[in-house]
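Which chain is which? They are A, B, C and D, in the order written, and residues in each are numbered from 1.
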Amino acid sequence: MALLEVSDIHTFYGNIEALKGISLEVEEGECVTLIGSNGAGKSTTLRSISGLSPPRAGSIRFDGDEIGATPPQEIVGKGISQSPEGRHVFQRMTVRENLELGAYLRKDSRLNGDMERVFELFPRLKERERQKAGTMSGGEQQMLAIGRALMAEPKLLLLDEPSMGIAPILVERIYETIAEINRRGTTILLVEQSATFALDVSSRGYVLETGTVRLTDRSDALLENPEVQRAYLGA
Amino acid sequence: MSALRELGRRRYANLAIAALVLGIAAVFPLLFDPISGTVGDAIKALAFVVMALGLNVVVGFAGLLDLGYVAFYAFGALTVGWFASDHFSSVNAEAGIHLGVSEFISSLPGIHLNWLLIVVAAVIVTGIAGMLIGLPTLRLRGDYIAIVTLAFGEIIGRFAANGDQVKIGEYAFSNGRQAISPTDPIKLPFFQEFDQAFNIRPYYYVALALCAITLFVNFRLRDSRLGRAWVAIREDEVAAASMGVPLVKTKLLAYGIGAALGGIAGAFLGAYLNSVNGGQFQFGFSIFILAMVILGGLGSIWGVVIGAVVVSVINYYVIPDLLDRVATDLDLGFTVSQISFGVFGFLLVVMMVLRPEGILPERRRKLELSGEAGSADDALVEVRA
Amino acid sequence: MRLRGSSAPEPAGADPAHPIEAREGHTAGQPANGSGPILAAEGVTKAFGGLLAVNDINFAVPPRSIVSLIGPNGAGKTTFFNMLTGLYKPTLGRITLLGRDVTGQRPDRITCMGVARTFQNIRLFPTMTAVENVMVGQHSRTKAGLAGAIVRPPRVRREERAAREKARELLAFVGLQERVFDEVSINMSYGDQRRLEIARALASDPKVLLLDEPTAGMNPNESARLTDFMRRLRDERGLAILLIEHDMKVVMEVSENITVLDHGEKIAEGLPHEVRSDERVIEAYLGKRG
Amino acid sequence: MEAASIPARAVNTRSAGQLRDAFSKYGLIALLIAFPLHYAIVDLVERGTLAPIANNLVAGLSNGAIWALVALGYTLVYGIIELINFAHGEVFMIGSFVSFGLWGTFGLTLVTGPLGLVAGLLVTLVVAMIISGTLNVMIERVAYRPLRGAPKLAPLITAVGVSFILQNVGVLWLGGSQRGVPDLIRTQDTLIEIAGVTISRGDVLALGVTVPLVFLLTAFITRSRLGKAMRATAQDPEAARLMGISVDTTISLTFLLGGLLAGAAGLIYALYQTSIWYFQGFTAGLIAFTAAVMGGIGNLKGAVLGGFIIGIIQQISDARGEQQGILPPLGNQWTPAVVFAFLVIVMVFRPQGLIGEETREAG
């Protein structure tokens, strides 16, 4: 049984159907990418999984439990954490406080160790530990958002457009780290508009189009698939 | 062209309802003694209908929460105090200024204008006051607008209450907590001067006529280019501006009209109550009128009329005659009259929580408050923010 | 910056290296005469706090043309739109409409002068019917004021009737079924809402129409219809259209000229096939191969 | 809170914009300084001493301490759900009433010994705080929470309604007029006098309770886990939910804190003013709201600063009943109008407040 099983979910904003029956699976330890153009439903899929925009129909099973109607704050406790689109770090709080909030639900005492682990992945954050998050660059904020999500010790990490609005050099760094996080055993579901990096680090990918899954394949195959390029740049 | 037919039907329906309501209202005072207290209460209730319909233009149509509506009542009533009493007793070498008033009043000192002229003056004074208050306010967020209008209302209330200390030369702004009294009775062309000692029905019919005119104005405005612009601003200010609706001007018009209607009602009450007491313009009165609008249904013209009547009935009959007796019978040790504003506050809370669209909801508000409208807008932002 | 293609009508002698000087002649106050741009931005910049959302963009919309603005998420396209329509005031730079400086004008003034727009997230007036929405769109082209509304003289009645008829014509023009004309907009289907928004924008008789992701949420069929429709607007109504769009099929098919933004900067400009094969554009969209 | 929607205020108004910008930066500060400065000059010229204005300032600070506590409640709540909790003033009023009631129950009188008095007052403080806090939480549950998704004006209207209900609870409780409170601590007694400037026992009490409470609150919000959850929710409610923070619980906690402070303020007010009545909450509420806005709503430091500023303005206005200098005679019948005039000026020219930039930046 897969760690995450999404079957035929329909998610609405008002009376607009943003997801028209999305199904996908993520196995334990995998890194899976959702790609597609703007408005294809990638972010909505993540939001449905994390509970922010619960689906109106269909089922989401995580680790054997149905979580389609569970509120987000409880889903975090079950082991899914998300780095949301646009980062959404707490601007007026320090890097350290942001990371502490990432571990909000954890009662154990290994926080400091975990924070060191995040600092090890993102040495930049260590340098800025006492700085207000809002004063950092977009790339640093992205690192913080990912680090914050890791602090929840998730079984499944949802990353929404980690490259958005970030300088190319930093994008590379962030993707190296994402690959590293996955190597260390965290399952990752990734949403990305810039497909190349994402497909490089993931094993499988889904191509979304207007709220449906257009095709799915191994990442290397998708990279070569002319249809993927067409989806982005038109024929 | 089914839409036009539909519109036509609606118009006739409204006319029919209006004729029926006004007809019943016209017969009402004949059922009572000419100086019956019930008719007196009804007269005040009719003035409140005018005010509630005025506030409805601001809050219901344009969506601007005004918590200082009492200011316009104050200005309207003060207009009577200034121009229909001996308040400015030394003008014209104590001979007074008189225009279109009865022979007896013509012999009194002070400024005495015919009531119709005073209504015109009140419209001008309150309209200008409304725009002056509105101008600096309207750039603000909705909840800030509410507080600033409240502050203005309180400031003006303070000026009225301590107006005896505010003097330009020898002329005071008001008589302070000592009322400006007596004010002149209403006199209309072709009619005898209204004499409250024998018959208050003429006042009733004047109030009813004001209601009818106000209703007419409300309906006309609602179904006009301006009315559409108000709804547009209320529902999406950014989109409205992008469609060419000038925000400040359009909002100011709503303020001005609401203020003018409040002023007209104030001018009527000032004359009917025979005195203008500077201490009476308090925040509670704004809430009293707001409760009528909320209870009836924000934006719904007939709803607001019902709301005004219901709240007036509660205020003049249910609380003093029914609830107070119950309280006395149960020996509660207090009267409900003491806490009448608490009752109106309670009405506000209950209505907003249980039936925010009011007794007789307006079609649009029902959609807005049910949470269907507007949700799509915010949500789609999330799709590709 | 890349050279413009020849098919896009450009101000005579426009030199891409010196765009501001090049356009000076057209901004001196004379109206566009078919050769100058209808809408032009010169060195337009918007900073939010320390963040440069849009940086020094030069841009022109020639008359009777369809030009597009593309770029990845967060590139600053909508911010740029909001400056063109007066919702944001540029931090630096100048925006001209038919040669008149409109930088920082109020949005309703800009609409009145001939710029209309739609919104990325559809911003209809939810409880108004389709016809009423379009009638609000005519606000700047109708006159009835306070007294007119109350007295309703024949002039106002005529205006009202004409506005209503024009609204229905526009709704039919954008392809809405007559049965939804009096439907409250919140209850309309998504595609119909998109169409209605365009009708509402057209109601102000614009010279330039700004469409912000009009095909978002449409299926390929609907998108294709919209593409045809944009051409009709240009050819039949003589409109200039500025399009923000993520559906590249639509963009490539319909645009005469494409400008690409990334991180608030213009990274490319040119004909569709030029833009498509531009290395920087591919990188911006797909990411650089490491 | 929705990231990409265009805030209404972004719709720019061009004319008078620059003038307003300039005024909003310096004009307000200048105005605030000019007000006491005017009377300082008057005192110096007419009486040759600065003692009267200095005494105004001292009394103003004590008053301001009360407003600061109430203002913190407005600012906390506004920071987290963007609602002007109109009923907050009444929660403060209930704090005064509870304190008064408890003194009767405990039998605290003018002759109670110092030990008993201190113990009695401390117990009163705790109970008043708890009751006001609980009341505030209940108000949120009943009147605001059901309207969480509704248009913003809906909860504001219920807030006004709740305010009226509580005022009338006050009327039933202690009647419709001012009620004298035993002057338990002999408020007016001078503790220190320097060059005609007196510091009374009341001044010490007001600041002595307020300052530690403000520090406690600050420490709670900056250091504790729940405090961090509050700040996180205020900054980005959706991201807070992704951290596992329950937004409902956090909002309740915010109302609790605001209520606790209002309860403490109620007790100080009763002791300090030695008279209480049902209407005190309405005026105090608006004064404190003005303070919160003046400081920059959503900003704790700002609320405290605003509280002190408004306290001083109010005290000066109360004390200057005769014509002095270029300003007309004021006096306490005009004080609300003076405070509201400042409210209007702040709202119109600098709605973000004096140090408002730190709060709620866009996005």
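Of note:
One rule holds in what follows: contacts are C-beta pairs under 8 Å (C-beta built on N, C-alpha and C of every residue); 3 or more make two chains touch, one makes a residue touch a chain.
Because the structure is a prediction, the values reported are computed rather than measured.
Within the contact network of the assembly, the step distance from chain B to chain D comes to 1. In terms of the distance between Cα centroids, chain A is separated most widely from B. With centres taken as mean Cα positions, chain D sits 43 Å from chain A. The distance from the centre of chain A to the centre of chain B, with each centre set as the mean of the Cα atoms, comes to 56 Å. Note on chain placement: the centre of chain A and the centre of chain C lie 34 Å apart, centres being C-alpha means.
The set of chain A residues touching two or more other chains comprises 14-16, 18, 38-39, 86. Residue numbers of chain D whose C-beta contacts span two or more other chains: 3-6, 10-11, 13, 361, 363.
Chain C has residues 73, 86-87, 106-107, 120-121, 186, 213, 216-217, 246 in contact with two or more other chains.
Taken in their complex, chain A has these residues touching chain D: 50-52, 71-74, 76-77, 81-82, 84, 86, 88-93, 97, 100-102, 104-105, 134, 148-149, 152. Here chain C touches chain A in the complex through residues 72-74, 186-187, 190, 213, 216-219, 246-253, 263, 276, 281-283, 285-290, going by the rule given at the top. Touching chain B in their complex are the following residues of chain C: 73, 85-87, 106-109, 111-112, 116-117, 119-128, 131-132, 135-137, 139-142, 144-146, 148-150, 152, 156, 159-160, 163-164, 181-182, 184, 186, 200-201, 203-204, 213, 216-217, 246.
The touching residues of chain D, when paired with chain B in their complex, are 2-6, 8-11, 13, 82-84, 142-143, 146-147, 149-158, 160-165, 167-169, 171-172, 176, 282, 286, 289, 293, 329, 333-334, 336-337, 340-341, 343-344, 347-348, 351. Interface residues of chain B facing chain C in the complex, by the touch rule stated above, are 2-4, 6, 216-217, 220-221, 224-229, 231-232, 235-236, 238-247, 253, 257, 363-365, 367-368, 372-374, 376-377, 380-381, 383-384.
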